[in-house]
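Lettered A, B and C in written order, each chain numbered from 1.
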Amino acid sequence: MKNFVLLLFSFISINAFAIDDAKLLIRDLNKKFNQVEDYTARVQMKFNIPGVRMNNMSGNVFFKRPDRFRIRTKGIFFLPKQNPMQNMSAMLLDTSSYTSIISGYELVNGRNCAIVNIIPLKSVNELILGKFWIDVKNPLVLKTQITTKNNGTIETENVYSATSQYTLPDKIIIKVETKKIKMSKMMSVDLNKKAQDKSKLNEVETGTITLSFTDYKINTKFSDSELEKTGE
Amino acid sequence: MKEFAAILKNEMIKTIRRPRSFIGFAVISFICLMLQGAFYQDGKEILATVTGQLDNVFSIQGNILNGNLICYIVLQTLIVQMPLLVAFVTGDLISGETASGSIRFLLTTPASRTKIVLAKWLSGLMYTFLLLLVLGIFALFVSRAIFGVGDLMAMNSEGLTVIRADDINWRWGSAFLIAFLSLSVVASLGTMLSTIMDNSITPIVTVMATIIIFTIIGMFDMKSFDLIKPFLFTTHMISWRSLFEDPIPLNTILFSCGVLFLHIIIFLGIAIYYFKRKDITT
Amino acid sequence: MIRVVLPHTILSPLFSFMDSAILLENVSKKFKDFVAVDDLSFEVKAGDIYGFLGPNGSGKSTTLRMIMSLIQPSSGSIKLFGSSLAENRSEIMKKIGCIIEKPDFYGYLSAKDNLKLFARAHLLNYSKSQFDDLFSLVGLSGRENDKVKTFSHGMKQRLGLAQALIHEPKLIILDEPNTGLDPQGIIDLRHLIIKLNKERGITILFSSHILSEVQEICTNMVVINKGQVVVQGKVDDLLSHENLTVKLEVVHPKECQQLLSQSKWASVMEVHDEKLFVFNMGKDEIPEMVEFLSQNKISIQRIDYRNQLEDYFLKITQS
């Protein structure tokens, strides 16, 4: 009995510590987020999506806190339905809308990261669960795994330069799970192609979108109309 | 050379001034405008059948429904119809004159039969070129005027290829040339059958039937048909679509062009051989 | 049947020093198993109006089409103006005009546009006044700009003649050019053919089923049947020894019968229904008989005779 009580007390204590540590980490992280009211940057996009061939393209990024995010470019490009850049800071800033707990620690790119699980208390963009790998020494989100009701799980990996003082990555690699696109013959009028191996058509594959950011301009207080305009 | 130029001019005048030649232009214009109207009205819904598969995961940004996409879809729609319109005129080039008797008028001039066949064939090519030009103007330029310019989201059975707007014009130009080569095969086939048959309808129907049957074979995803497909000229006629893939399978396109060119030589050769020996008894 | 065929081994040397417009030597044409023309040889001299006769299916059209290079002979040679047709077709066709059966044009073009096509094919630049003259010559003035599909058959024949003349040929081949023409048209055509021959020296090969026209116009003729030559030569020479069938109706047939039965024509006379007298006699004897009847106060109601050539033609092709 004594051992049981001791074990229970330890468990609760550890969890309490874990929750407290998560809150502390997120608090420090949010401090950094709050330094950035808005930013603009140049972005290079690279696409590797199953069934889609698309050349790299460049454009301009516009962001205003908490969650207004816009990439402006000429032409067509794909972004995940649940845009992690849009959701990340918005998700973490409102600390009353979720609980957080550190579920473990992992090395990411040589940095010791705490794996912080975010469980929403109310529905935010249909979020079910968010996992954030946060560098414990220098609070930066190195990896995320966000699961939503209708759009599955999206993983991102953030790469920061050595001099990044803000929470603004040099590169974001977004991974999404998607099935191979099935096009009807009548839509594609794809005559005379060889018969396809239909067994592979329903396999789920992983696609990636890599965004590389340069020329960050922070807190320039750009006009809201920049978020509505089209074209680069 | 002067003599050939003279009969070529005659043939071009006859081809252009025949009432049936205008049917092709009218049909092309009508189909283009009709499709453009449909897309203007319901384009987003139609596209959703394609992009819907991606909508669960991705948000597609940018102007998808632009003139380049409409042009691409219009050209796809006319893959079977264009050869039929070409056959409608070229299948009648010689057999029509044989049936009406005016072939005697033609063959009692100093021009040799070889020159006459070549002149007729070239006039058929000229008609084909004009038909493509009208298609190009309506499908591309009118579409761009209505829907604007943008990246092309080219669809094939293996997925999507996004071609950037600044990388597309040369592809359209090349596609036009390959399409012209492809339709020249149809024109040559029509001319060949026209020399063999004595009535107006049979060559046209034969060319149409050939294209329809070959196209139907091409549509089926069956392993047994895969053996036949490389030998069908309709397989190579749509090689212009490969210009909208990434990477462009250049060797495949060049091979198809070679096959098409070979078909033209063979059909034309047979036409000249047969016509030189034909007895005009009508 | 009288068949006068001289082998060309004998004829050719005789004619070699004269201008030959058309020379067929041992020409045959076989369509699968059917022999349309069988070892045909004849010659048309430059400057002649040559009649080319034969019943339906005799090989006339096939022969004419071979001359016009529409059909290739199975064997034999065809020479036009001394040149081989097989070897010099292009040059030869510049000198020939033709109407082969009914002329066909491009109905969606006007008469003038049709002729312009033909003129262009011959590398000719025809002026407006030249076209006007040509249309006037064939009796189509005022119809130059009408679409040919609006033309009657006779008008198409006239246009066909214009097309045959447009490049000022040395030889014109006319295959039944009278078809569809009204009586005035037939007369006009006859005068035109004679005029072209006499004034311009154009050789004419003329085929027609209207034998009276052939006899009227042609200087020479050849008759073929079943693909072979039956007879050829000068028209007058061929017909000079031939008798006519003469029919006579008189006011008083009984008196006439009585009179004629004692005349030199008794042996060549037949009486039908007691009123119709039919004689087989030479053309020269007709005036003599008319004079004889007149002197014996026999009034003639009607006297006519079948075209000499008609009789001759039927005789040689049916026998």
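The rule is simple: a residue touches a chain if its C-beta (ideal position, glycine included) is under 8 Å from a C-beta of that chain, and two chains touch if they have at least 3 such contacts.
Since the structure is predicted, the reported quantities are computational estimates derived from the model, not experimental observations.
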Q: Moving only to chains each one touches, count the minimum steps from chain A until you reach chain C.
A: 2
Q) When the mean CA coordinate of each chain is compared with the mean CA coordinate of the whole protein, which chain is closest? A) B
Q: Please identify which chain has its centre, taken as the mean of its CA atoms, farthest from the centre of chain A.
A: C
Q: Please state whether B-C or A-B has more C-beta contact pairs across its interface.
A: A-B
Q: Take the average of all CA coordinates in chain A, do the same for chain C, and state the distance between these two points in whole angstrom.
A: 100
Q) Cα centroid separation between chain B and chain C, in whole Å? A) 51
Q. Using CA atom averages as chain centres, what separation in Å is found between chain A and chain B?
A. 49
Q: List, in ascending order, every residue of chain B touching at least 2 other chains.
A: none
**Q.** chain B residues within the chain C interface of the complex
**A.** 2-3, 6-7, 9-10, 13-14, 17-19, 100-102, 104-112, 277, 279-281
Q. In their complex, what parts of chain B are in touch with chain A?
A. 49-50, 53-64, 76-77, 79, 150-151, 153, 155-162, 164-165, 167, 215, 218-219, 221-223, 225-226, 229, 232, 234-235, 238, 241, 245-246
**Q.** Complex contacts: residues of chain A adjacent to chain B
**A.** 49-55, 57, 71, 73-81, 83, 150-152, 176-183, 185, 187-196, 207
Q. Of all residues in chain C, which touch chain B in the complex?
A. 31, 62, 65, 68-72, 89-91, 93-94, 96, 98, 100-109, 113, 117-118, 120-123, 163
